[in-house]
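In the two complexes that follow, subunit A is the common piece, with subunit B as its partner first and subunit C second.
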Partner chain A sequence: MRAYLSVWKLRFINGMQYRTAAVAGIATQLFFGLIFIMVYVAFYGQGSSHTNFPLPDLVSYVWLQQIFLSFIMLWFRDNEIFALITGGNIAYELCRPCGLYPFWFAKLVGQRLSSAVLRCFPILIIVFFLPQPYRLSPPPSPAAFALFVLALLIGLVLVVSVSMLIYISVFWTLSPTGSTLMISVAGEFFAGMVIPVPLMPVWLQRVSDFLPFRWSADFPFRVYSGQIPASDALWGIAAQLAWIAVVVGFGQWSMRRALRQVVVQGG
Partner chain B sequence: MRLYFRYLSILFKSQLQYRTSFWLLTVGQFFVPFSVFAGLYFMFDRFGQLREWSFFETALCYAIIHMAFALSECFVRGFDAFSGLISRGDFDRLLVRPRSTALQVLGSQFEFTRFGRLLQGIVVLAWALYKLPIEWDAAKAATLVLMILGGVLIFAGIYVLFATLCFWTVQGLEIANIFTDGGREMAQYPLNIYQKWVTLFFTFIIPFACVNYLPLLYLLGRADGDPVRYMLQPLAGILFLLPCLLVWRIGVRHYRSTGS
Partner chain C sequence: MITLQGIGKSFKVARRAAGLRQAAKSLFVREHTVVEALRDITFQVGEGEIVGYIGPNGAGKSTSIKVMSGILVPDAGTCSIMGFTPWKERTAYVRNIGVVFGQRSQLWWDVPVLDSFQLLRDIYKIPAAEYAGQLALLTETLELGSLLQTPVRQLSLGQRMRCEIAASLLHSPRVLFLDEPTIGLDAVSKQAVRQFIRTINREKGVTVILTTHDMSDIEALASRILLIGKGTLLYDGTLSQLRGRFGSHRTVTAHYSENARPPEIPGAQTISWSPERAVFSVDTGQLPIADVLARLSGQVELLDVEIEAKPVEELIIELYKEHRI
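On to the complex of A and B.
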């Protein structure tokens, strides 16, 4: 366990070095957030009767998405592991005296966390002081906030475990482009990245309920705005944990199978 | 110009060498913006319309900007991937050849898989045009083509501008995404739904409005005043590209090799 913790820490510190990239990222995310909100404001502005998802909730949904982008994107600049598998350097990784699955897992969590920590505070400060209707409103109660943090962190574990499946699939396909592209596009759609899940048609919401993607992004953000009340939130967290158990179990099983037949191309 | 087509055919052949990967990526590129379009569709499904714009009018707007984006990503990719050329020091080789640097960088890379994205734009365009009651004449058809071409020029200008910055920063800048991806995301909706400052910025600094929103008004018969004024708006794309190329030449003069 200590080894994984230090891998996590190294990655975290490594990620914290890219400060210029973070500044550029902050500007980009502020811009995208503003544009998205303007589009939604225009949609809402026509005297709508669609009250199941009020505008302030939607605004905090969009901002949280932008702030915690690195927590929820399935696709997150980590070509390193792909290169390891296709380039044959995986051999070195196998020599290490620790399990490959938890090793990569810790690495990925650290990477995402550092990127979010670098970016979230400046954006948070800015969006709390924007003029209405663009301002991020605080959560309705301390309980909602605590549940949000909990759900977000569990969601991070969930999204990393799903992305681990993508890496493991490369053991078989050897080419990360085609299949991963499709998975990440579909995953981000069902996580509410294109349009928020509550604004989808009902049948599509049902579909996303049965997929893991929604639980890592859409769910914590709606807990934040109090749209999902505390009692339901606890059930949601249980669903998250169940998904993690399934996905991690499947991931470890398929990784063992993949490693049994791995062929390292010499060179 | 002949040289450009030579580059084009050579790179096309080289990309076709990896046939499966090529087709998979093309198909993937077809589906990537598909989820964005699905989002657009579902929003209209729920809200009916966006201010005074109907779904098919917005779809037309979407199709035009996405086609322009796909074409520019395919043909101006060389500038988009320019930071690699600089940091590897490969730019030195281009400098000693007796041809213009802009042309050579342009020819250094093409992304033909972007045709998948283009195809998606064409499908949406055809659908929107089929459903919209536009009375077509030669002038309107010409405007439509000009809109797409103008859009390509603007995206090209942005790529050139940010490639030029690489002369000083060596690394590519993520902030360019605001203007390419962000510009695309923004311009897929009619521009008058945004705040004033966004509209002004994207009309007079980076003239997305001139290739999309303003001529669109004319196409849909909503423009008042002289139609020629609206038709010629997409030429702003050229006005935008020219200073970008000028900056490029200044950048080349300031180039210092990384030496690697």
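On to the complex of A and C.
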């Protein structure tokens, strides 16, 4: 366990070094957040009433997406791991007395966390002081906030376990481009990153309910605004945990298979 | 300590000729050839030995190291190292070994070396006191003092390699596999690395298996060599045995004050000659060195004489020739 904590810590420290990237990220995310909200303000202004998803909820939804981008984005990738597999440096990882799956898992969580920590606070402060309707409103109750934090963190674990599948697939494909693209395009759509899930047609919402992606992004953000009430949120967390069990189980199984036939590339 | 019995491993290698037509063809039909990287490799290494593992490029050295370090599963044969089968009990086994792949890096690129070391300490669950002791020892013998706080990307190759070797020894392994540890290093760094390998071998009894293309590594370190070519083990024995097998030959280089005529020594072969310098090849079985010197000093005014055994490189080339690899 100590080893995994330690690699998490090192990845975290490593990520904290990249200040300029963080500043650039903050600017980008503020820009995109504002643009998205402008579009939706215009859309809601056309009189189309979305009583089940009022504008303030949508605004928090968009801001939270931007703030926690590195928690939920599937394309957020660790090129080092890809390089390990395709370049053969994985040889060293395999000489370590610990499981490769949890080791990489901890690395990836550390990377996403460091990136989020660097970015989220400045954006949070700024968006709390923006003029209406762009301002991020606080959660309706402490319970909603607590559930949001819990759901977000479990969601992070879920995102990482899905992204592990991308890394494992590289053992066979030797190129991360295809699998990243496929999983991230589908994943981001069904996570509500393109159109918020509540604004999708009902049948698409049903589809996304049966996929893991919504549970890592869309779900915690709606818990935040109270759009998903506390009692439903607990069920949602159960669904998250179930998905984690399935995806992690599948990931570990396929990793074992991959390692059995692994060819360490290069001399 | 280490026993390999009939280890074999083959790879499927995709193959096609260059060109658009061939590339298009390979969309439908893939041609593979099976390359036997290792064929029936059998040897034993005792505790505390330093074994030089040599062979031309592509002979199977790195593949054997990968098999022995549990990374690669062989197709045939058995391997027992300290009672473990490396690829079956990987996690338990690798705790006892250290591996250095000269062409790869195990240190984190963007953070100081010490951070990588601390990660390794946690991975190997090294007790704090033992870690401190081992780190102090490694810092001293490999002269790492000033390097530990530097990010890896700012180290030179020689400095990095010393850190890599230290990283592989933090957990006091009993067996150390070194895959080309001196590749790309300058003479001083090579010397430091060799000195260090000798020290840990002598003082800690670490068994070392070393692959290299640099024969002076072998000469400086390994009393025993394993020669592998095209996946087959060709020679297993000491360096001096190998010398004895090929080499009663000595090269004698004589420097003398200017002399118009080349010195003549019956029984010795003149390799090169100039008015100040001559090089002879002598078979000491036929012609004792003393005779050569006596004849030389009779004909010219000798200034300096160098007598060299055949360099190991040449012995190895002769072995390659003998086995046609």
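By our rule, the second predicted complex is superposed on the first by the 266 of 267 C-alpha atoms of A that agree within 3 Å, B and C clash if a C-alpha of one lies under 4 Å from a C-alpha of the other, contacts with A are read in each partner's own complex, and residues count from 1 in each chain.
The working rule: a residue touches a chain if its C-beta (ideal position, glycine included) is under 8 Å from a C-beta of that chain, and two chains touch if they have at least 3 such contacts.
All values derive from a computational prediction rather than experimental measurement.
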Subunit B versus subunit C as contact partner of A:232, first or second or both or neither: neither
Which superposed partner A:25 touches (first subunit B, second subunit C, both, neither): first
First, second, both or neither for A:188, with subunit B first and subunit C second: first
A:35 touches, of subunit B and subunit C: first, second, both or neither? first
Touching partner for A:200 - first (subunit B), second (subunit C), both, neither: first
Subunit C-contacting residues of subunit A that also contact subunit B: none
Residue ranges of subunit C touching subunit A (in the complex, touch as defined): 11, 57-58, 62, 66, 69-73, 90-92, 94-95, 97, 99, 101, 103-106, 108, 110-111, 115-116, 118-119, 121-125
Residues of subunit A defined as touching subunit C within the complex: 2-3, 5-7, 10, 13-14, 17, 87-89, 91-92, 94-99, 260-264, 266-267
Complex contact set, residues of subunit A against subunit B: 21, 24-25, 27-28, 31-32, 34-35, 38-39, 42-46, 48, 50, 175, 177-178, 181-182, 185-186, 188-189, 194-195, 199-201, 204
Subunit A contact footprint on subunit B (complex, rising order): 21, 24-25, 27-28, 31-32, 34-36, 38-39, 42-43, 45-47, 49-51, 173-175, 177-178, 182, 185-186, 189, 193-195, 198
